[in-house]
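Can you keep this structure in mind? I'll have questions shortly.
In order of appearance the chains are A, B, C, D, E and F, and numbering begins at 1 in each one.
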Amino acid sequence: MEDKKRYEAGIQAMEELFSSEVRKGMQEMKQISPDFWEMIVSFGFGDLYSREALSLSQREIVTLTTLITQGAFDQLKVHLEAALNVGLSKEEIMEVIIHCSGYVGFPKAVQSMGIAAEVFKNNE
Amino acid sequence: MEDKKRYEAGIQAMEELFSSEVRKGMQEMKQISPDFWEMIVSFGFGDLYSREALSLSQREIVTLTTLITQGAFDQLKVHLEAALNVGLSKEEIMEVIIHCSGYVGFPKAVQSMGIAAEVFKNNE
Amino acid sequence: MEDKKRYEAGIQAMEELFSSEVRKGMQEMKQISPDFWEMIVSFGFGDLYSREALSLSQREIVTLTTLITQGAFDQLKVHLEAALNVGLSKEEIMEVIIHCSGYVGFPKAVQSMGIAAEVFKNNE
Amino acid sequence: MEDKKRYEAGIQAMEELFSSEVRKGMQEMKQISPDFWEMIVSFGFGDLYSREALSLSQREIVTLTTLITQGAFDQLKVHLEAALNVGLSKEEIMEVIIHCSGYVGFPKAVQSMGIAAEVFKNNE
Amino acid sequence: MEDKKRYEAGIQAMEELFSSEVRKGMQEMKQISPDFWEMIVSFGFGDLYSREALSLSQREIVTLTTLITQGAFDQLKVHLEAALNVGLSKEEIMEVIIHCSGYVGFPKAVQSMGIAAEVFKNNE
Amino acid sequence: MEDKKRYEAGIQAMEELFSSEVRKGMQEMKQISPDFWEMIVSFGFGDLYSREALSLSQREIVTLTTLITQGAFDQLKVHLEAALNVGLSKEEIMEVIIHCSGYVGFPKAVQSMGIAAEVFKNNE
């Protein structure tokens, strides 16, 4: 795959995952570091999210879980919205968090559930 | 749910997830700390894995991801087998690891892929 | 122990640990996910804090340490108050943080000390 | 406190915590990096363990907890022995691990309990 | 080295690293815990930053990297300024973050780049 | 840059960093997952290590630091060798570890120093 195609695949994946508002916010990175922006789009979304072996909703289960585990709560918020956008139900999302409580402990799970409740409210 | 039922639900979930050999190894905990063993079975497997909002294969995607993220490679081995047992394909499992590389970095992803290759070999 | 007893033991432990204001805030989880709330109370506080092998002040030393280590600063605030409530002195709490500096590094220890100073001020 | 006193205080703390065999093993660091060895003894043990606000057994509760939380299992082994040496009972040590399960998740707690069982066996 | 010299070396290192405003903020720790303040200055800055085997700009590359890796974003802000003060260019600092993306994943790298952009703006 | 060039740049960076023995070992990944291998080479080494804003020895300071911080000791071993290969001295490498002790705590720093001593012995 040529680099231009990787970038285009990344942009397309981002359109499926994120609202136009979220994508607009992300583009600030383009000003800060055009090179880093290119990597985020081409590798992060083009190389990874565009692959076929997992569906986008399976990928968001992976993404939510790793963000909960590493306590990356700012990014979690954005991917909770993405999870809803690619078809995971609120019940499934909350269940990912509940399942995590046994693997990462309650502090991170409780904080994640609080953030999920906010995101759900804003997306009603 | 009574406590006895929680324990029984946990034992049943463990039978779906793990080979009899793995379960036998796990039971050493019963000798070390009967109370901790009871919590592992009743809470870890009874309360969490027996719930319905996610399938066992979705739960193993969550479990693999959190173990990769926290670098818990001993437990990863056991859950890679469990993932195969509940119906995830080798391709899907490798894809979980590949997806994680963008979220946890290559060191943990590369180590996880090496362990997966061993587990796959032993389960051919 | 029946489930009802586990829940009651959890509620009782929470009353010993937290002010009524904190407990009221925690109950928002009851609305978000009644199932998760039940696990937090019955497992997190009923199964764990109600056991006898460690005193509540010893348990709070464990809790503060794990929260400092994982950088869970929101939960740390609540448990700094709990630590005072179950009888740890300010000097002992600061000493837990100082001891941690050699094990988790100064960034997390310094941030924890700053939060402790705020909590102490609010509890004078 | 002069530097010589800090070093002496560190050596004395190490004698209370560790067996002569363990201390002998630790001294290999003296050959690798004399400067780093001096810091470990003077800061790690002299400045931290010699302070009075917490007892050595309280300090080992902190140390075990942070090692469990960060998955530092090699160091955990040594400090499980130290915990026994400064008077914590096996029951108290296992309870620290059980309490941690709710805060760091079961994978790290289970692995820690397995290591504790080995250490207890070797110290019977 | 006597303790007084360690403290003085620490104060001198802090003057090379931080603006007077930042140092003034740090001194609040002196009120909270004079003992902890003494350790931060004498060990954290005196023992570590004053050593000769690495330059201050190399030390800030180490410091930025560990803070990015552990997600210690509050401390990262202060050390991004320190990195500029000891002569790292904006381009080099951004490159440290970009290099980290392959080792810690994009969530922490993206958050770090956003903080760097703010710090650069305030230091123009 | 075309994909073929990214891969070639990655292979060239790996040749500068690693011995032929290490590179041969890494190529096992090519059999396990050709796609993941391609990402490691093209993104991990081609996109990241081939950039000009940092020298290879500065990049290895970043890499060592992040591996020490996340406790990725298997990868650390390989990159300690790479650090020597790109011109860092043993003294500088040990100093990176010593500096880290104040940021990640002694357990990880001590373990890293032990591994460094082994690598240095094998490379005499």
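The rule is simple: contacts are C-beta pairs under 8 Å (C-beta built on N, C-alpha and C of every residue); 3 or more make two chains touch, one makes a residue touch a chain.
In UniProt terms, the chains line up like this: A, B, C, D, E, F = Carboxymuconolactone decarboxylase.
Treat the numbers as computed from the prediction; the structure is a model and nothing was measured.
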| item | value |
| --- | --- |
| Shared chain contacts [subunit D and subunit E, defined touch] | A, B, C, F |
| Those chains which touch subunit D and also touch subunit B | A, C, E, F |
| Chain whose average C-alpha position is farthest from subunit F's own | C |
| Pair sharing more residue contacts (C-beta pairs) when A-D is set against B-F | B-F |
| Subunit A-subunit B separation of Cα centroids, rounded to whole Å | 23 |
| Between subunit F and subunit C, distance of the C-alpha-averaged centres to the nearest whole Å | 40 |
| Subunit A-subunit F separation of Cα centroids, rounded to whole Å | 29 |
| Centroid spacing, where centroids are CA-atom means, of subunit A and subunit E in whole angstrom | 30 |
| Of all residues in subunit F, the ones touching two or more other chains | 35, 39, 43-44, 47, 51, 66-67, 70-71, 94, 98, 101-107 |
| Contact set on subunit D toward subunit B in their complex | 71, 94, 97-98, 101, 105-111, 113-114, 116-117 |
| Residue ranges of subunit A touching subunit B (in the complex, touch as defined) | 43-44, 47-48, 51, 53-54, 58-59, 61-63, 65-70, 91-92, 94-96, 98-104 |
| Sites on subunit F touched by subunit C in the complex | 101-107 |
| List of subunit C residues in touch with subunit B within their complex | 1-3, 6, 35, 39, 43, 47, 51 |
| Subunit A to subunit E touching residues, read off their complex | 28-29, 32-33, 35-36, 39-40, 44, 66-67, 70-72, 74-75 |
